[in-house]
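First chain A sits with chain B, and in the next complex the same chain sits with chain C.
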Partner chain A sequence: MAGFVDKLLNLDRRWLFLLVFIGVAVPIILPIGLPVTTTGSTRSAFEYIEALKPGDYVIISFDYGPSSAPENDPMAEGIMRQCFLKRIRVVILALYQLGGLQLASNSIAKVSAEFPNLKYGEDYVNLGYKDGAAAVMKRMGDDIVGAFPADVRGTPLAQIPMMKGLRSLRQVSVVVTVATGLIGEYWITQAHQQSGVPVIVGPTAVGAPKYYAYLNAGQLVGMLGGMKGAAEYEKLLAARYPELGRFYRSTRAFTATKGMDAQTVIHFIIILFILIGNVAFMSRRAAQKKAAAR
Partner chain B sequence: MNFEFGRVALVVLFALLPIVGIALGFFVPALRARGPLFVAFFAGIIPILSLYIPRQFLSGETGMRPRLDQWLIIVYGFALLLGIVNVIQNGTRKIARREKGWPYSAVLMTGLFITGGLGIWGAVSGQGITTLPDGSGTPFKWIADHFFLPLQATIFALLAFFMASAAFRAFRARNTEATILLAAGILVMAGRVPLLEFLAAPFPPLQPAAAGASQGLGKLTEWIMQTPNGAAQSGIIIGAALGAASMAIRVILGIERGYLGLGGGE
Partner chain C sequence: MTPMPDIGTWVAALLTLFALSFLYKDNPLFRFTESMFAGVSLGYYVGTTLNQTLVPNLIKPLTHDFNQNWDLLVPGLLGLLLYMRYVPKTGWVARYALGIYVAYYIGLDFTRRIHGEVLPQLGRAIVPLSKLDSHTIFYSLVFAVGVFSVLIYFFFSKEQDAVTRRIARVGTWFLMVSFGAAFGFTVMGRVALLIGRLNFLILDWIYPLIGIR
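Let's look at the complex of A and B:
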């Protein structure tokens, strides 16, 4: 028994790596289709955007990089689809220096291709990347043109039809920050607190715990926590908009709902190994105590 | 001519004053630190005053605070430039001296110059760095899409393997606190995913019970995240904010001078 326990505790970690690899790869290649239940914070974010009227302004800030794209991309794209369906005007920008702009451009290209009737500059605009996240938000609170004089193509904002009536963050119905790191918090402390603009945050699962404090304090309209939050949003979208339901069921592209299958299997593997490790650890400690008592 | 007090004050405080400070520093070395201290004082105090004194020259559309906000964005740009200069200095020195790991620096320099060069070319030529009007990507975007994005995603993906291994080796119920943490961690991990439905999938009669139990577990997880976690996070955030405020006051009043390179409290 002692030999088996020692073997277990000193298990070659490459076996664990192999299990993790299989646990991720198999559900992505062969989706299981596990159910997703929605939480209050995701529902409130969804309903808030749902209550907006055509022509309202929504800012989607790409505040993440490729490292967390599988979690964050589905959030940004889901909200973009909802806004496009409702003809809400979408202002896209990136404040994360490590790839935020590239991810924003890729997501816009992907989602706008699904809505060929929408026009760049009338229904959506990409303001590009600007360094100094908190400083940019503060400036946008007074003057958006001061922070972003031109869009990503170099067109002055004054020449972009949908930007003509938009001067400051106070006119924006909601800011959606899809965030990793600190930038999501800056939107709350610098933009919401100083300009009053409502904020929805879409953090990674690792970053989500800190946002519960802001959620409890009423400083956030809603939150999409990690891949689960994104999968919940996809479920809400599919239930409200049948065309998106068909899209999410039929697409061969990666979706958060598919990602949840892999995440469930990985959580199961990790929990299983934590339990195995603890049982082995306790039995060794009990054996050592017994030996010491003798 | 329209006299703008705010604009004149900014020129005096952030252009003339530093120049006088630098000049004084040449003649009287003991006064060298005085200029930056005054600049830091005014840069810190003006935004605070603008919140309490609603005067046009302070917080109006073209007042001192909005202009300082604009300057802040420009300063951030220069900070990025300083970072790049620092990377180039360190990298080239390492390569020139053939220090340990110099080939990595050579790769870094190559990547920096090629990517940066294409980015600058995009800005100069007016193409930008994302897509061209015909929908095709710029050379900068090609590099980002085919090198940067997959490399960064790959590095982060490796975390899944190391986290699983670390959890197996280190997440042990060694004492009461560790056991509470372990229990909470397992509950949240199980409650954030449809784990029970996954386990019940091969047994159809168990599925309704698993769905019900999963809902209960999900509610428990949300309670853990909202109540104990939310309370702890609030405490951490408030503590950090108070610390930041006190540090800001120390910098504004010139008590904290570490940023001058003279050592704290000098």
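Let's look at the complex of A and C:
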């Protein structure tokens, strides 16, 4: 027994890496379809957008880069799909320098292709990237055109039909910031506090805990925490819109719901090894005490 | 017929494998990938700063309509002054630019922090218990005890006595629970990144390579 415990405690960590690798790869190759339960913060985000009317304005701010795309892409794309289905006007922008604009452009290209009846400039627009995050939001609070004089294609906002009536953040129904790092916080502490615009945040899992303080303080209308939050949103979308349900079930592309299979398997492996490690550690300590008492 | 992976997919897939090879042991392929990633990131950063910040916000306005935008020379010059630190004799000039930037961000951040963070969250911490249901009262009590005990834990202006030490100990339990939650979220986030990479390797590289749709 003591020999087995010592072997466990001295196990080469590369075996664990291999196990984690298999634990992620197998559910990708053979999806399990584990159930996803929804939380209040995701439901309130979903219902808030659901209650908007056609023609309302939603800003989706791409405040993340490729390093967190597996978590953030499904959130941004899920919310975009919901807005497009409801004919809500979507204003896309990026405030994250390292790849925010590229990811925004990729997501628009991907999702707008699913809605060929929607027109750029009438139903959605891409304002591009602007440096200075908090300063940009401050300007947008009074003057969106001042912050973004032209869209990503260089067309002045005055010439874009859907932007003609939009002057400031006060006219926007909700800002969705899909964020890594500090920019999501800026939307709450700068834009929301200055202009009162409601904010939904879609942070990475690493960043999610800090947003609970804002959620509890009523400064957020909802939150999608990491890949789990994105999977919850996909579930809510699939339940409300049968066409999206079919899409999420049939698409070959990566979705957060598929990712949650691997997440669950990995969590199981991690918990199992935490238990094994602790039991092995305690049994060795007990054996050492016993030997010392003799 | 399933299209074969293109050259971009091959490069991304091989670099992913090189990066992951560090988990087995350090090796030249990993170091090559690490150095290349650092170099490409810096190049990308410089490129986006030039093309998406300096050109549209400074250079274009100045060259297209100087009379309307001459005031942009001031921030432009301040930016240039920052680089004077590399000239030993005139390095002190950079401090003026730095001083203005620091003052600007203090001004912007001070109100943002107070009105956007401190006051709303302080307001949330003060809840009239008389107007709430039993579930919310319990939740608010836990919240209040947590805030109070953690504040006592971080109160260093007076040496702790027997009472405050006990309260601070409660605070450490609240802190440990919050660190545990944060760690759990961090693990979930890192695993999500691995899922993203393996998803790419399997679905975008291996499947087309072996002819699976």
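Following the convention adopted for this analysis, the second predicted complex is superposed on the first by the 294 of 294 C-alpha atoms of A that agree within 3 Å, B and C clash if a C-alpha of one lies under 4 Å from a C-alpha of the other, contacts with A are read in each partner's own complex, and residues count from 1 in each chain.
Note that in this section a residue touches a chain if its C-beta (ideal position, glycine included) is under 8 Å from a C-beta of that chain, and two chains touch if they have at least 3 such contacts.
Small disclaimer: the values here were computed from a predicted structure and weren't measured.
In the superposed pair of complexes, A:277 makes contact with chain B only, with no contact to chain C. When the two structures are aligned on the shared chain, A:22 is found in touch with neither chain B nor chain C. Contacts of A:138 after superposition: both chain B and chain C are touched.
Contacts of A:193 after superposition on the shared chain: chain C is touched, whereas chain B is not.
Legend: residue contacts after superposition of the two complexes on their common chain; A:215 is shown touching chain B, with no touch to chain C.
Of the two partner chains placed by superposition, A:51 touches none, neither chain B nor chain C.
Legend: residue contacts after superposition of the two complexes on their common chain; A:287 is shown touching neither chain B nor chain C. In the superposed three-chain model, the partner touching more residues of chain A is B, compared with the other of chain B and chain C.
Legend: residue contacts after superposition of the two complexes on their common chain; A:268 is shown touching chain B, with no touch to chain C.
In the superposition on chain A, A:67 makes contact with both chain B and chain C. When the two complexes are superposed on chain A, the residues of chain A that touch both chain B and chain C are 17, 20-21, 24, 67-70, 97-99, 101, 128, 131, 135, 138, 205, 208-209, 213, 216-217, 226, 228, 263, 266-267, 270. Interface residues of chain A, counted against chain C in their complex, comprise 14, 17, 20-21, 24-25, 28-29, 67-71, 97-99, 101, 128-129, 131, 134-135, 138, 186, 188-190, 192-193, 204-206, 208-209, 213-214, 216-219, 225-228, 252, 254, 258-259, 262-263, 266-267, 270. Residues 11, 13, 16-17, 19-21, 24, 32, 34-37, 39-40, 65-70, 97-99, 101-103, 105-106, 109, 126, 128, 130-132, 135-136, 138-139, 142-143, 146-147, 152-154, 205, 208-210, 212-213, 215-217, 226, 228, 260, 263-271, 273-278, 281-282 of chain A touch chain B in their complex.
Remark: chain B residues 61, 66, 69-70, 72-73, 75-77, 80, 126, 128-131, 133, 135, 141, 144-145, 148-150, 152-153, 155-156, 160-161, 163-165, 167-169, 171-173, 182, 185-186, 189-190, 192-195, 197-199, 201, 211, 214-215, 218, 222, 225-226, 229-230, 233-234, 236-237 touch chain A in the complex.
Chain C makes touch with chain A in their complex at residues 23-24, 41, 44-45, 48-49, 52-53, 57, 108-109, 112-113, 115-117, 120-121, 123-124, 143, 178, 181-182, 185-199, 202-203, 213.
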